[in-house]
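Below you'll find a set of structures to go through.
Two complexes come next, and they have one chain in common, chain A, joined by chain B in the first and chain C in the second.
For the complex of A and B:
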């Protein structure tokens, strides 16, 4: 009897300590999530909304613009994430080399883009890649191109600009994770490999990459989520143009909410599409990693 | 004991201060205004505010530079959330964007037609902000268009000012090719992600993206098709210098790179920002579209108006201010016309001296008289609710500039617009 009372007291105390955090979490996380789920079943303009059942889902199915936004997002994801992960890995390995001089300086230079404000660097890229920008001027004066490349006025080149921009901004960020992980790899493994006469490329491929697998998985998932939520760069550099060529899902949601007739219900539905995609992709990535771990 | 007395007096003092401050606040209103463009709307509003404060010392103004996108975003978020904290008393909204606010957030704006006589203003401006029989705007910037051009470049290519008066777009393209060949200057510059040029051409014929404001008017719209064809022809002939944003857009003509600027009258301030180019610029009526019924030389682009928010604590002052300065003070309009090139929508203002004056910057032509004459002839169109959707759909067709098939583009615009109109 006394035992259970003590138990109960402990439970009450425990709940009392956790309660404030739970209440805040409820108000600022759970309630908005549930509310947006409820919103995704509403139709109407602005504040005049009413329950629309599955109308938004039906609208989703016929939305060519959504398909385009999704395609663009996937293109960014498939091209940019691998480039960035590989670059970050190569930089990390190079900078981990104890014989390299000015390592601190190089690390700082590569990490610096990550502390730059998103708006500032986006504006910079926009001006660099404008028709008369420094990039075109440089290419022209080096006689690499005869006419200025339409960086921001052609859908293909605009995608190239966006991919370059995100790669510049985020490669250093991922590199830091790899550097931290590399510091924990036992140097004797490399020494043994070197003594056995294994070449540098094989050492990288057969030792470094497998050792970093959990970190690579982590950065891939982070980058996946980041790419699916890509907004700042698009909004500041191309506004989704030209011709929806760089429209991403987040930009589309922004347009639905703030640039077109506000249909909050439908934009909530599209937001849930992102949630679903992130969830599916993350599960797939976890499953691939788990299989490998089992196989190893 | 004495400590208690002290505490009481202190409380009393604080309370009294509070009461007196509250009563001061009630008498002295500070009207917060949101608007964009430090070369145009902001100084115009500041001038209006100064005039009102001179007569009503208790009313002061706090004018904030807020971009158009930000205004839309902040208003939509806060009106939806029902939170009015931090919203301004008076806000500037572009005409083709106001119906969405009036329809989406009923009761959020004060109907001004109850207190101000709307017949004093250009009717197409009043119509843009009328919803369910009431008009909500104090019509301001007219957006009437003209063709600003460098007469020195034209002369170099062997053309006189008469050669660009009342011409068609096809004739302008011929002139443009000549100018490009002889002077090396392209005709105009354009952000391909902006359909300003298309809407100017289209409205000059009295047609719009929407029929009766509600039904898409894309596939069987001869004016839109002719506008797109003309634009394509210009782009394919190398007459357009592509730019990617507003800074690039204004930079291309203020630096003397391109020869012409077809634009709303509000661009005057930017063109005149280069005093060393005085005398080189002139203004002609917009070219007319070839082969389209109802084609005129007059159109509208942009144009915005003032609105009073229903959440304002100082509605009376705000309305009184708009009424006494913006709806009555003809002198005020002469000032913003000379200083900012603002052609307002108050019809009586056109009788003022400044409107009759000639401008040395534009070769001593009576440009303001011209603009106000053109203003009266702008064909009115119903922008309806879905103009931003239509504009986004047009911008989604970059292939037009690259020589793509126009009928296909029209189909795609129509499809995207219909999908978004839900």
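For the complex of A and C:
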């Protein structure tokens, strides 16, 4: 009897602790998600909604701008995320070496970009990469290029600017996760490998990377979500241009909702495209992780 | 030179180059804040004497102190509420396990990857129907319950020693007292790391305030920078000065809490 009362107390306390979060998540996350699912079957402008069945989904199929936004987002994702993850790993491994001098200084400096706001650093990059900006000045004075590179007015170079900007801002952030995880790796494994004469880069691939796999997976998923949400930088540096060359899915949804002619139903449909992509990518990433673990 | 020394030199070269690329934009921003727009365009990299003029230009265009006040108010209130709600829940999910709650937690983790864009439209309609548009409440409310921070606290709670809790129970402390007087002081570095992350997110938030806040007197610093950058003839001196001002608070918080930050991250990854 006393045991069950204790249990019941535990239960009540348990629910009391999680309730505020659950109520807020219910109101501001789960309810809006379900609502947006319902919205995606609605057609009409402003407050005049009517049930449109699959009309929005048909519109998806003929939407060239959506295809462009999707392609750009995938390009950003495929090129930027691997560059950033590899760089962050290399930094973390280098900075995990206890005999390295100025370790703390390097770590702080490489993390520093993370404290800038997305908007502040976007403005900074926009000014640095403008046609007569410091980057072009430097490249020309070093005689690396003879004419200024049209960083922001050419679709290709605009993508390069966005990719460089995101890499600058987020590499240090990922590095911290890897550094934290490396602290938990048993040093004697490395000692043994070194005595066996296994070269440094093989130790990196065969010990460090597999050990850090759960953290790498975690950061990859976070970065994937981040790329699919890419908005602040785009809106501030290129506004999706030139010629929609840097238009992303989030930017497109924003335009559909608040610029052009507002079409809530269709923008809800497009946002479910993102949800679907995130879901598929997360499942694939988890499966890869599980297969490798089983194979090892 | 031995192979070892050569490799060593390579590592230092690599890190130094990365550190240079990392710091250069900060340098460029700080120097730019003291220069005229025309000098910045020609690539002047030495401090100038235009800081006061840039400041005056900025003050003539925006109510800077009000904008800063808005940003601070939003960021501080968000941080306190987010930490309170998420740490309570993280503790609750980890300490008092039950099958139903475990299922709910797994469901929440699935929701973790739903992008904000998918919530944006219904949230905006909700907020406008509740007549909360253009209020700070509208900016703060949807950000309080963060699945990411909740997950972070649950992970970190695994390191909280059960013996401490049992001892407190034997001493007759109520569960909320244990949370407040035993758990909270023990997990200081976890709270420090979470403070940095949540404060920065709130301070730097852009898209949601952009949608919700409409009148100039309610704007935050990120909205002001964005407006300055989008101007037809941007004044780079003023823009760079504003980015310096917007970066300073998060920079200070990071340096103050840096030590605990790394410890806190360690606790969460274990």
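Convention: the second predicted complex is superposed on the first by the 273 of 296 C-alpha atoms of A that agree within 3 Å, B and C clash if a C-alpha of one lies under 4 Å from a C-alpha of the other, contacts with A are read in each partner's own complex, and residues count from 1 in each chain.
Keep in mind that, in the parts below, contacts are C-beta pairs under 8 Å (C-beta built on N, C-alpha and C of every residue); 3 or more make two chains touch, one makes a residue touch a chain.
From a predicted model like this one, the values you see are computed outputs, not experimental measurements.
In the overlay built on the shared chain, the residue A:145 is in contact with neither chain B nor chain C. By the touch criterion defined above, A:63 lies against chain B but remains apart from chain C after alignment on the C-alpha atoms of chain A. Which of chain B and chain C touches more residues of chain A: that partner is C. Looking at the shared chain after the overlay, A:243 reaches chain B, while chain C stays out of its contact range. By the touch criterion defined above, A:278 reaches chain C but does not reach chain B.
Contact with both chain B and chain C is seen for A:126 once the two complexes are overlaid on the shared chain.
Contacts of A:264 after superposition: both chain B and chain C are touched.
In the superposed model, A:155 makes contact with chain B only, not with chain C. In the superposition on chain A, the residues of chain A touched by chain B in one structure and by chain C in the other are 126, 130, 132, 257-258, 264. Against chain B, in their complex, chain A makes its touches with residues 43, 45-48, 59, 62-65, 126, 130-132, 150-155, 238-239, 241-245, 255, 257-264, 266. On the chain B side of its complex with chain A, the touching residues are 69, 72-73, 76-77, 79-80, 100-101, 103-106, 192-193, 241-245, 248, 385-386, 388-389, 392, 395-399, 401, 415-416, 419-422.
Taken together, the chain A residues at the contact with chain C in this complex read 10-11, 13-18, 20-22, 24-25, 28-33, 35-36, 39, 87, 90-91, 94-95, 97, 100, 106, 108-110, 112-128, 130, 132-134, 137-138, 168, 172, 176-177, 179-181, 183-184, 200, 215, 221, 224-225, 228-229, 231-232, 235-236, 249-250, 253-254, 257-258, 264, 267-268, 271-272, 274-275, 278-279, 282.
If you check the complex, the residues on chain C that touch chain A are 7, 11, 14-15, 18-19, 21-23, 25-26, 28-29, 32, 40-43, 45, 84-86, 88-89, 91-93, 95-98, 101, 104, 108, 111-126, 141-142, 144-145, 147, 150, 175, 179, 200, 203-204, 206-207, 211, 221-222, 225-226, 228-230, 234, 236, 239-240, 242-243, 246-247, 250-251, 253-254, 258, 262, 265-266, 268-270.
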